[in-house]
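Chain nomenclature is as follows: A, B, C and D, assigned in order of appearance, with residue numbering initiated at 1 for each chain independently.
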C-alpha cells in the first residue's frame, strides 16, 4: 500500500530545498543533483500512487486536529484521490524535466544554488497545495507557490524588469488571494469546516445557499482568477516572463497557474450548487480566452506570445469547468501542462541559442536546431488542436461542453481556437522558417545540449500521446477516472469538425500572412490601425491599472503619510503654536526640541507660567498687599456668598 | 479697679478701636517705603492685637488673666522682632546705604 | 514629671547656649568641632524623645501635649536638623561670617518647630512660630556681604512680621469669641455656635493666612522664592523642609482637631488654596533659570498637593499628609545636598550649570534623578506613594476634581524637573573634570536616596506607625 | 510554590543592574557579561516556568501573595495564566537577544546596561503583577529607563523622541490610575487584587466612563490611532536593542492590559465600546499600512508596520468584546488571534528591528533611496530581511499568518464590513514590504558598501532563534494556543459568550 506515504512526495523536495540552501555552495555544481534526485523519487512515488488509484484503490485521507480553539477544532491533513493523483504526476514530471533542462539552461548562473533551492521549494509548495485536503492547507501552499514564483521571477533582480515583474506578480495575485481568503472564511463560518469533503457536504446539506453561496464561490474563484491570470488580473503573467525560461515553463505555464483551475475543480462541490457562480466562471474564462488570444496575435516577444497563449488556454479550462465540463477542464489542464511546458522549453532553447526573445531577430532556425524546431512544431500542433495531438482531444471536449451550454460561449471559444492556431503558426514561421533576420545572431546559433533537448523530446512524446486517455480511442478512460457525476456529454461530430476546421483555418491564415508575401502587413496594419494599436498595447490594461489602482493607492498612502506627519501629530503642534501666540512666549520652558503634544501643552503652560511670574514683582509691599487683599476680599466674598 | 467700672465702655468700641489701629498699622506697612517706618507700623498692628486680647480678657473672663499674659508675651516678642528687624535693616544700610524698601528688588520673578 | 517629656527641647537649648558661648570665645580657626557637636546635640535630643514614646498626656497646664503626633514630628525635625547640619558643614566653613551662630540659630529654629508641633495652646504655637521665624530671618541674611542674602532677610522679615501680626490678630479674635486659646478646650467648645459667627470666620481667615504664609501657600507664598534664592543654600534647604513641616503640624493640630466644628468653612478654603498653589507653583517653576528659585516654586506646588489632604481632612488624608511630610523631608534634603554641592564647588546655581553632571558625578546625578522622579510621583519612590495616598483620600472623599488637578499638575511638573535631568544627562559638560562629593554631603545624598526608596517600597511600617500616632481617627 | 519563581524572574535583572553599578565603568566587557547573564537567568526561569505550567487550567498559577500595604489592601501579588506566560516567553527571548544586540554599545555602557536591566524588571513585572498598584508601579517603572535609553543613546532627535514618549505615556498612565482607583472605591472591596475586582459587578453607565479612562491609558501604549505619533519617533531614534524591546514587548503591555484589566473587569462597557474599538483597530491596520508605504526611512516603515499589526490585536479584541452569546465560537477565534498576534508580532518586529540595526551599523543610513542591491552586498542579512518581511506580511506557514487569519476569521461574522476593509490591509502590507525589498535588496549593488562585512556571528545568534520560532509557531500554533486557550475561553465567557 503506497498511499499513506504520499506525504513523502511533498516532503522530499522540501528537504532537497533546505539541503541545497544550506549546503548547495559546497558542491561543484551547486547541488542541483540533490533537487533532481529528490524530484525523481517523488515522481516515481507519484506514479505508484497513480497506478494504485488507477487500479481502483480507495482514495486515501489523513487528518489530525491541528488546533483546538476552546471547543472549536480546526482539522488539517492531506488526501489523495484521483484528481490529486493526476496532478501529482503532472507536477512531479514537468518539474523533474524542467530541473534537468535547467542544468543546461542555467549553467554558470551567479545564483545557481539559490535557483535550484527555490525550484525545489516551489515543487514542495505546489505538491502541498495539491495534497491538501482542506482550504487552510491549500491556502498555505497557495501562498507559498506565490512566494517561490516571486523569488524566481526576481531571480535576476539586478535588472529593473524582474524587480518590478516579481513585485507585480505577487501583489496582483495577492489581490485575488484576499478574495479567496474571505471566501474560505465564509465557507468555514457557514459549514464549520475547512476540509473539502466537509465543506461540500455542508453545501449539499444547504448550510449555505442562494446568494451567499454564489458570493462565496465567486470569492474563491477570485483567488483562481489571480493565480490563473484570468481577466482582469491577468496582467502579471506576461511580465512574469522576465524570469528564467524554465521557470516560465514550470510555474507560469504548466503548474502554478493551473493551480487556479485545480482550485475550482477541487471546490467544484461548492460551484456545482450555484449555477450563477458557474456562469461567472464560464464567462470570465471565455473573455480571457479570446482577449489573450487576440493580444497574442501581435506580440513580438516569443515568450510573451506563449504567455498570452497560456492565459488564453487557462481561460479555456475555466470555460470547461464553468460550462459543466469538469472532466474536460481537468483534462485540458493535464495535456496543456505537457505541451505548453514543451513550447516554453523550446523557446528557452531558442533564446539560449540567440540570446534574444524578439521573433523579429530570429528566423530560419529549423536547420540550425532541428530538435528544438520539430519538438516545438509538435507542441504547436498540440496547442492548435490538430488531431491526434493531445490538445485536440481536450480542447474538443471543452468545445463540446460549451456547445451544450451556450452558443455564444461556444462561438467565442471556437474563435479563440482559430486565433490560437493563427498566432502559433505565426510564431513558428517567424522563429524557425523564412530567412534569418539577424545574421550575426544566426551565425552563433547552435542546437542546445542534450540535457536540454532530452526533456524536449520527452515532452514532445507526451504532447502526442497524453490526449489518448481522454479520447474515444481509449474509451474516454480519463473521463471515467476523473468525473464529477456529470453525465457524459454525447459527442457531436459537427463540433469536432468545426474545431478541426477552425484550427486548420488558423494555420492557413497564419501561413499566408507570415509564410508568404501574399499579404502586405504594413497595409494591413494601416487599415486596422485602431484595432492594431489597441491590441499592440495589450488592450491598455497596464496603463489603466497604473492610473487607477496603483496610482490611487500611492496617492492614498502619500496623503496618509502627509496627514500623519502634519495633521495627527501636527494638530497638537497647532495648539502649541496657538498657545505660543496667546502667551506670546519666546523661549521660557526651553524644550526647544519638543513639539507635538509636549510643545502644545508646553507653550500654553509656559505662556501662563510667564504671566504668573510677573506677579512676583520683587517689591515686598506688593507681596504684603496681595496677602491682605486676599484675606479681606476673601472674607467679603465668603460672607456675601454666605458661607 | 473692677470690671464693673470699666464696663462703661462697651466691648464693641474697644474692638473697633483695635480694628482701626490694625488698619492704621497695615496702611503704614503697605504704603510707607522707609523700612524703619514699616517696622513701626507692624508694631502698631501687634498692639492692635494686644488691645483685643486685653479687652476680651476683661469682658469675657475677668477671673482669668491669660489674655493679659498673652499680650505680655506679644510685647516681648515684638521687642525681639524689632531688634532682629533693625539689625537686618542696619546691615543693609551699611552695605548698600538704602532704607527705601522699594529700592530693594534684586530678587524677583 | 513634666520636664522629662520636654527633654529634647531642653537638650537643644542647652547645647545651643553652650555653642553660643563657644563660638564667641573660641577663635574662628578652631571652630571645626561645632557642626559635630550640633549634630551630636540633635542626635541626643532624638534619643531623649524615647521616654515620651507611648505616653499620652498633657503637661504644663495642658499647654503641651505628650502624644505620638508630637513625637513623630519631633523625630522628623531632629532628623532635619542633623541632615541640614551635615549639609551645611562644608558650605559654612567657606563663608567669611562662619562661626557657631549659624548652628545655634539652627538649633533654636528646630526648637521652635518642636514647640509648634507639640503645643496644644495657640499662644504656645504662636511663640514657637515666632522662635522659628526670628531664627530664620537671621539665617536668611547670614551671608552679610551678599546683598541678595540681605534682601532675602529683609523681605522675609517684613513679610513674616506682617503675617504674624495678622495671625495674632486672628488669634485674638478667636480668643475673644471662645474665651480660650487652648485647642483642647476649643475642641470641646460648642461647635454649632462656632460656625454661626462671622467674627469667628474672619478669625479663621486670618489664621489660614498666617499659617499659609509659613508653609508658603499661594497667594501667601510670595516671600518664598526671594528668600529661597537669596538665602545661603543650606538655609534654603532648611526653609524648604523645616518650617513647612512645622507649619503643617500646627495646621493639623489647629484645624482638623481644634476647629473641627468649622470644617465646613475651612475645608473649601484649603481646597481652593491647594488648587491655586499647585497650579501656580508648577506653572511658575517652568520658567526658572535658577535652581533654588525653581525649587522654591516646586515646594510651593508640593505644599499644594499636601494641602489637598487638609481640605479632605479625613482620617486617611491626615495620615497621607504625615506620610507626605516624612517622604518630602528626605527627598528635599537630598536634593538640596546636591544643590549645595554645586554651589559650594562654585559651579553655580543656574540650571545650565548642571550640564553633563552625569559624567562628572554619576552617583550624585543618579541620586538626583531619584529625587526628581519622587517629586514627579513615579513609582518605587516614596513620592509616588505620598501622592498616591493623597490622591486616594481625595478620590475617596469625592474631591475628584482636586485629584485630577493633582494628576495634571504632576504631569506639568515633569516640565521643569526634566529641564535639570536633561542638563545632567543629555548635555555635554562645559568642564568635564569630575566633581568630588565630600563625605558629609555624600551621607546626606545617600540617606536621602535610600530613604526615598525605602519609605516608598516598604511604606507599610511607616503607614502603620502613622496610623498609630495620627491625631485624627 | 516553594520557589518564588516569578519574583526571581522579575528581580534578577534588577539585581544585575545593581551589580553593574558596582563595576568600574572601564570594565566594559564585564558589564556586558553581567547584563547578558542576568537576562539569561530570567529567561531560563521562564523556560522552567513553561515546563511546570499546568496547561488546561484557566486560573492563575504560581501565585505569590504577600501583604504589602494592608491599610489600603495593596498586596504584593503575582501570578500568571496562559496569556501572561506567552508574553513572558516573548520577553525572555527578546531581552536576551536585545542584550546581545547591545554589544556594540560603547558610549557610557555602564549606565546603558544598568538601565537596560531595570527596564527588563519593569517589563517582566507588568506581565506577572496581579495587584493594580503593583501593576501600575511596574508600568511606570518602565518609563524612566526607557526615557534615558532613548534620550542618551538614541539618534539625532533622541531628546525629542524621548520626552515625547515620556509625556505621552505618563499622561496616559495617570488617567489609567484614576480609573484604577475609581474601580477600587466603586467596588468597596478594599483590595487591589485584579482577579477579585474582576468578579465584582459594576453599574454599566459608570463602567462606560472608567473604560474610557483605562482605554486612553492603554491605547497610548499600544498605540492606537490617534495616540500613535510618539511611536515612529521613539522607534527611529531609539538604539536597535531598545527598538526591539519597544516593539516586541512594550507595545504588548498596552494590549495585555486590555486582556488582564479592561475586559474582565468592565465587560458591559467593553460591549458598548466594541464598535469604536473596532473602527480604531481598522484604522490602525489600513492607515498604518498606507503610512508605512509612504516612508523613506527603513526603520520608520517598520515602526508603522507595528501600528498596522497592533491593529489586528485591537480588531480581534473588539470582536470578542462585541460577540455576545450569539458568536461565542467566533469570539474565541478572534481573541485567540489577537493574543497570538501579540506574540507573533513580537517575533517578527523584533527581528526586523534587529535587521535594520545591523544594516545601519554598517551603512549608517536607513534611507531606502541610499540602499540598493543589498542581496549582493549582504547576502545572508538580505535573506533574513526578506524572511522577516514575509513573516511580517503574514505569509502562511509563518507565525504572523496564524494570528491575522484567526483575527479576521473570528471578527468576520461580527464586523463583516470592517473585516472586508481590513483585508485590504493585507494587500497594502504586502505592497510596502515588497516595495521595500525591491528598493533595498534588489537592484545593482552600491560600490560604497562593497567592502562592508555581512552579518557577523553575534548578529546571527540574535536572528536565528527568531527565525526558528517564527517558523515553529507558524507551523504548530497549537503549542501556544493550548497554553492560552483556557484563559481566553474564560475571558470570552466573562464577556458574555458562552
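Methods note: a residue touches a chain if its C-beta (ideal position, glycine included) is under 8 Å from a C-beta of that chain, and two chains touch if they have at least 3 such contacts.
If you're wondering where the values come from, they're calculated on a predicted model, not measured in any experiment.
> Among all other chains, pick the one whose mean CA position is farthest from the mean CA position of chain C.
It is A.
> Please work out which of C-D and B-C is bridged by more C-beta pairs in contact, and write that pair.
Taking the two pairs in turn, the one with more contacts turns out to be B-C.
> Roughly how many whole angstrom separate the Cα centroids of chain C and chain D?
44
> Quick check: how many Å separate the C-alpha centres of chain B and chain C?
From the centre of chain B to the centre of chain C is 27 Å.
> For chain A versus chain C, what separation do you get between their C-alpha means, in angstrom?
Between these chains, centre-to-centre, one finds 77 Å.
> Cα centroid separation between chain A and chain B, in whole Å?
98
> Counting only residues that touch at least 2 other chains, which ones in chain A make the list?
If we look for residues of chain A contacting two or more partner chains, we find 591, 601, 613, 616, 618, 620, 624, 628.
> If I count partner chains per residue in chain B, which residues reach a count of at least 2?
26, 29, 38, 101, 104-109, in rising order.
> Could you list which residues of chain D touch at least two other chains?
In chain D, residues 159, 163, 167, 171 touch at least two other chains, as defined above.
> Would you mind giving me the full set of chain pairs in touch?
A-B, A-C, A-D, B-C, C-D
> Going by the contact rule at the top, pick out the chain D residues touching chain A in the complex.
Chain D residues touching chain A: 157, 159-160, 163-164, 167-168, 171, 225-226, 228-230, 287, 290-291, 293-295, 329-330, 332-333, 336, 373, 375-376, 390, 395-397, 401, 405-406, 408-409, 412-413, 419-420, 423-424, 426-428, 430-432, 434-435, 437-438, 441-444, 477-478, 481-482, 485-486, 488-489, 492.
> Flag every residue of chain B that touches chain A in the complex, lowest number first.
Per the touch definition, chain B meets chain A at residues 26, 29-31, 33, 38, 101-102, 104-109.
> Which of the residues in chain A end up touching chain C in this complex?
Residues 588-591, 601-602, 605-606, 608-610, 612-613, 615-616, 618, 620, 622-624, 626-628, 630-631, 634-635, 638-639, 643.
> Show me the residue ranges of chain D that touch chain C in the complex, using the header's touch definition.
Counting only chain D, the residues touching chain C are 25, 67-72, 108, 111, 133, 136-141, 143-144, 148, 151-152, 158-159, 163, 166-167, 170-171, 174-175, 177-178, 181-182, 184-185.
> Sort out for me which residues of chain C touch chain A in the complex.
154-155, 158-159, 162-163, 166, 198, 201-202, 205-206, 209, 213, 219-220, 222-223, 225-226, 264-265, 268-269, 280, 283-287, 412, 415-416, 418-419, 422
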